[in-house]
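Structure, as structure tokens:
Should a chain be cited, it is by its letter among A, B, C, D and E, assigned in written order, with residues numbered from 1 in that chain.
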Amino acid sequence: MRYRSDKAELLSDQPSIPDIENSWNVHWYHISGLSNPRLVEDIGKKFDLHPLLLEDILNTSQRPKAEDFGRHIFVTMKMLRMNEAGDVKEEHMSFVLGQDYLISFQEKENDLFSPIRDRIQHGSGRTRARNADYLLYLLMDLLVDNYFLLIDSLAGRIETLESEVSERPKREHLEGIQDVRSDLLAIRKSILPLRELVNFFVRGQSSQISPDINPFFFDLSDHIFHLFELVENYREMALGLKDMYNSSVNMRMNQVMQTLTVVTTLFIPLSFLTGVYGMNFANMPELNWKYGYFALLGVMVFIALLMLFHFRRRGWI
Amino acid sequence: MRYRSDKAELLSDQPSIPDIENSWNVHWYHISGLSNPRLVEDIGKKFDLHPLLLEDILNTSQRPKAEDFGRHIFVTMKMLRMNEAGDVKEEHMSFVLGQDYLISFQEKENDLFSPIRDRIQHGSGRTRARNADYLLYLLMDLLVDNYFLLIDSLAGRIETLESEVSERPKREHLEGIQDVRSDLLAIRKSILPLRELVNFFVRGQSSQISPDINPFFFDLSDHIFHLFELVENYREMALGLKDMYNSSVNMRMNQVMQTLTVVTTLFIPLSFLTGVYGMNFANMPELNWKYGYFALLGVMVFIALLMLFHFRRRGWI
Amino acid sequence: MRYRSDKAELLSDQPSIPDIENSWNVHWYHISGLSNPRLVEDIGKKFDLHPLLLEDILNTSQRPKAEDFGRHIFVTMKMLRMNEAGDVKEEHMSFVLGQDYLISFQEKENDLFSPIRDRIQHGSGRTRARNADYLLYLLMDLLVDNYFLLIDSLAGRIETLESEVSERPKREHLEGIQDVRSDLLAIRKSILPLRELVNFFVRGQSSQISPDINPFFFDLSDHIFHLFELVENYREMALGLKDMYNSSVNMRMNQVMQTLTVVTTLFIPLSFLTGVYGMNFANMPELNWKYGYFALLGVMVFIALLMLFHFRRRGWI
Amino acid sequence: MRYRSDKAELLSDQPSIPDIENSWNVHWYHISGLSNPRLVEDIGKKFDLHPLLLEDILNTSQRPKAEDFGRHIFVTMKMLRMNEAGDVKEEHMSFVLGQDYLISFQEKENDLFSPIRDRIQHGSGRTRARNADYLLYLLMDLLVDNYFLLIDSLAGRIETLESEVSERPKREHLEGIQDVRSDLLAIRKSILPLRELVNFFVRGQSSQISPDINPFFFDLSDHIFHLFELVENYREMALGLKDMYNSSVNMRMNQVMQTLTVVTTLFIPLSFLTGVYGMNFANMPELNWKYGYFALLGVMVFIALLMLFHFRRRGWI
Amino acid sequence: MRYRSDKAELLSDQPSIPDIENSWNVHWYHISGLSNPRLVEDIGKKFDLHPLLLEDILNTSQRPKAEDFGRHIFVTMKMLRMNEAGDVKEEHMSFVLGQDYLISFQEKENDLFSPIRDRIQHGSGRTRARNADYLLYLLMDLLVDNYFLLIDSLAGRIETLESEVSERPKREHLEGIQDVRSDLLAIRKSILPLRELVNFFVRGQSSQISPDINPFFFDLSDHIFHLFELVENYREMALGLKDMYNSSVNMRMNQVMQTLTVVTTLFIPLSFLTGVYGMNFANMPELNWKYGYFALLGVMVFIALLMLFHFRRRGWI
């Protein structure tokens, strides 16, 4: 699409890449789906992009980075989203920012940037009044906001796990904790290079960013630092959760053992006594005593009470 | 309120924002409760504040930071307090410092700054003799002092837990330790950016801070570093507490197992013997021996003593 | 081999080291197998290499590094590969880059660089058009790509272990986890100095690297940082795996203990009752009651049901 | 006291603070016990000290630091000593160094600096030949030496614990380890800012320190770094001790369980057999066999031997 | 000893310290055994050494460091060796390097440097052709090589422990692991300041080191960094070993518990049945049934098989 202060035009499914015209402030070329490397190559030729840059656009395992090529800036970063199964999925995004154009490349085909496109088309014109560098900021900000959404959902999962684990720890929780930990690792891996990347803009060394856009990138940098701190915090909380799970399992094992010990040590001596008077010796005086049985029952009750008192004092029952 | 060396005036619930008058040294505008974004916007217009700055005032999840806008400095930080339930609550505070005015924004409506206001109104005038930058220092110092109170209360909780856990570890303690750990994480998250923030003042690069106020900010920086070290220390102590809890649970489990083992290994062989002489074989010579029963009782007492001696040597009883 | 834009010549098993001729752009001398220190010495004399440099070529425990000797650059790094037994093996590689020549030394004799040699000989000539510094980049890039292969295979092993451990933890898994951890340690040890090494090229301070090759080394630096982050991530995942193994063993022990406790506490009181009525006292009224036996059976079933209900409520069965 | 090369005078319990006289090289004012804030204030007026400085002298929770006020340097640090109960106690010390005077403030009243005072009064005069900056070095060195004593005593406690824990771990050891760990934390907290503090002197930026005293502060800096490394080492050893305690408790629990298992699995099958032949079925052919009893005894001995052999092979007995 | 390009002279057990003569390139004074502080003092006077320097030579707990005194450089470092009992012993070494002399001080009396002395005396003269700075490099290199030997022997111990622990963990292994860990800590403590020390030479700021010796110190720096990485790696491996020990003990405990559980839950229900039919009720119909005994035996075999099947499915036997 292309736009200037007073109007915006959406040109989609054009047969060829539209040229840049001076009458428009900003030209935004958006390529979604990298399945067609030919198209990327064509754009590369039209805008005179370095072969390594084109490679970085297509290589979806490329690390986030920003590079200044003089006539244009190249930025690549990851977009993280949670799919329906609750797994974190990574998508490779690249931007090329020139004097009056921005090219955005998206790995998968979906309408991620539609809110921004709508705002430009139907908005009050404040966004249209700015240049392509502000558009780049808007797109990057949207991606960073997506990270916050992701972390919020992880925070919810951690809280749920925490309350469940403290009640009754199960094998599933263990896997849940492990999942959260590797998701946090994946997010951290994505954010780590972002800190460096955004510094590129904040330092203001870049040729295509006008100084009045700088505060916005400062703000973005702030958000990214905040993100990083959040991730580190949740990583520590996940670690604490694992500790809690282990302690909780131990505590339960302790209770199980206490039950076993109480029951066993209560009845084993009593059973021994019944064993004694179950023996068949010819000469066992007690057996013939008239109240022998009742006396023994009394003794056993007494022993049992003694033991129960002892257990209670130790806090086992 | 506005004040100068010789007097101070409190103007509250004015219909409109009072203007700055040269006859007063300092004008302190305090807005408590951010429920009225309209008011913030009005102030923004009156004092010509950048839109991003106004956004940061209203966005309660904004990270602490200080920024110099030339005509004024913007500072935002968190105020932490413990609510009645013992949870750590965060409140968003912002300050705008100009030549002869200070605007303070507080998220919730409560009379947090009343001690300072009273000191200005009724005090000896030493505070009134200084400028708005000193007022900013006073407010920030009050917030930092609040952190110390918070940490003291956490320290108390850690000590209580420590003595209780070493006596008899319970499930509640586990949750208590986890709570302390996440509270410390939350405090740390708040202090971390403060170190950066206060550096902004200490470096003395800021346009609105006069050099004779610098030592006070140096002092504040010292306090914040002290805070940070305290938090790190308590975090290590909480970690040690968790270790102690686990070791304590283990130790108790060990005692339970020892009891079980002692009782079981003592009575099982004896019970076996009674079982032997409880059998109904036609030909069992011992049974008919006159002293068989008493001989067996003697043997059993001997075995029991032997075992008890063995257990004592191993330190199990 | 030697090559220029339009053609390439492969000279192998020459009796003596071929001289440098100006008519060729690049001379690539490749020495595989360091068993012949004599050859290395000859080359040292021919190209005027420092004795410490020659020592570093032959010393297979030399740490990766890059050094500028003015007339030539010396680079040494490790090549890691997994042997058939699944162990990580290290191979020592060294490069000397001069104005129009590159000498590569390989510890073992195998045809590691054949894909690059083939590309030069039969390729479209694009590689031939560049100088010796680009050849150095190609060789180093190939070594770094090998690291990625290695890490991918470790990632596979971690995933297999993860799914097996969560099902049924065995002693072999413990050893498998330990193996993965020490392999990751070994890889990390190799990559750590690479970061420093590649900085040498990126800073562009080196005499033999032309500026238009710089972007390629930038790219290489990016790959190495990516590698390092991957290794750190997998190290954390291996740590998580160890935690999971321990928790899984604990969980199983818990289940074993629950079974033991349920069975024991269920039958021990019942056995005690049978013991009581197995005693041989002369006067035990219940024994002579006609329905005594059936009444006792009823009582025992009742006790058993009560206990089972209690166990179920505790979640033990 | 005041001194110069040839003589020293001790003036104690003077009614007023003695004035500085040019005929003496160094005036050392020592205030022990901060219970009299009035005295500190008087000194503050006499020597023109900044109000924040006086506050730092009296605030015993002040973090160690050094500050240059132009006409004098202010240094505050902690003195750690172990009290009779074996607890680490902190004492707040402050120094003000001027051109020809040193004022030392000590929190508690005890004769800590008497060795140095004696050396000045009765010594060979080498110390008297130097200026107040050397005196400051002497006092600081004495405080740092106290840290070494403290760490030595902790090292002794760690060694005692280590040998006791490896023999028989008890609950008291757990508390002992926790104590050592928090003592080390406290020491570390005191040393951490010292590194920064001593840098102040080593960098030689300070107005009151003559260059020929610099080597002494270099030496002090060395000691502090050594201290810090020692503390870190002992912290790791305390961590290792905790691990050892846990492993030791686990090992003992293992032994207890093995005993329980050996005894139980040995006798339970045998008891079962006696139970079988204790039944009262009318028709049990074995009971009437003449050698039935002896045959069963033989079978039971055989089973027991088989089991013992099995246990020995598993290493349980 | 003293030497120049063409010859070397060994002067031992001289009555007095030989003077420096211009006709010799290098004078090497070696003092082994610091028991004679008088000798050190004499040397101090002769070569005009600073009192703090002499103190550092005699203080065997001095931290490694290098200092430039203008006319000479002072270097002190540790020599680590393993004594016969397998403990790591530290020895204090100091060097003073002047224009044409090197003084080496060794804490204990043994012929540590004899290989270098022999090489100078009988060697090809290449070493004699260089100056005293090269001699210093040779001695320091020898000390660093000793560290590698030490680490190799620790690596061997770790490997032995690893294979033994994974087979059958014993109490001795626990102590062995703890020993290795504290040895590694001790080595690390010695190496840490070496990194700083060697930087002193590499930066080339030192007055007594000629630029052509610089590559050798670069090499030494490389070795020390390699050392440090090795130590860090082995520390991680020792940590992994401790984890493995704990997991191994847990695994064994698990097996013990499984055995206990299998045997107990197998026989307890059966014993209960024998108990039932051992009771003496007057009216127990089954007892008088002719095949009652055999029917019960059948039932018991059936129950036992059922349980064994259940255990096998759970993987307990």
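Here is the rule we use: contacts are C-beta pairs under 8 Å (C-beta built on N, C-alpha and C of every residue); 3 or more make two chains touch, one makes a residue touch a chain.
Bear in mind the structure is a predicted one, so any value in this text is a computation, not a measurement.
Peer 1: In contact with subunit D and with subunit E at once: which chains are those? Just list them.
Peer 2: none
Peer 1: Could you grab the centroid distance between subunit C and subunit E? Build each centroid from C-alpha atoms only and quote it in angstrom.
Peer 2: Distance between chain centres: 25 Å.
Peer 1: Quick one: subunit B and subunit C, Cα centre-to-centre, how many Å?
Peer 2: 41
Peer 1: Mind pulling the residue numbers of subunit E that touch at least two other chains?
Peer 2: Residues 246, 250, 253, 257, 260, 264, 268, 271, 275, 278-280, 284 of subunit E touch two or more partner chains.
Peer 1: Looking at which chains touch which, would you call it a line, ring, star, complete or other?
Peer 2: ring
Peer 1: Enumerate the ring members one after another: first subunit B, then subunit D, then the rest in ring order.
Peer 2: Traversing the ring with subunit B first and subunit D second gives B, D, E, C, A.
Peer 1: Inside the complex, what are the residues of subunit C that reach subunit E?
Peer 2: Those residues of subunit C that touch subunit E are 50, 52, 61-63, 65, 67, 168, 171, 174-175, 178, 181-182, 185, 189, 192-193, 242, 245-246, 249-250, 252-253, 256-257, 259-260, 263-264, 267-268, 270-271, 274-275, 277-280, 284, 286-293, 296.
Peer 1: Flag every residue of subunit D that touches subunit E in the complex, lowest number first.
Peer 2: 162, 166, 215-216, 218-219, 222, 225-226, 229, 233, 236-237, 240, 243-244, 246-248, 250-251, 253-254, 257-258, 260-261, 264-265, 268-269, 271-272, 275-276, 278-284, 315-316
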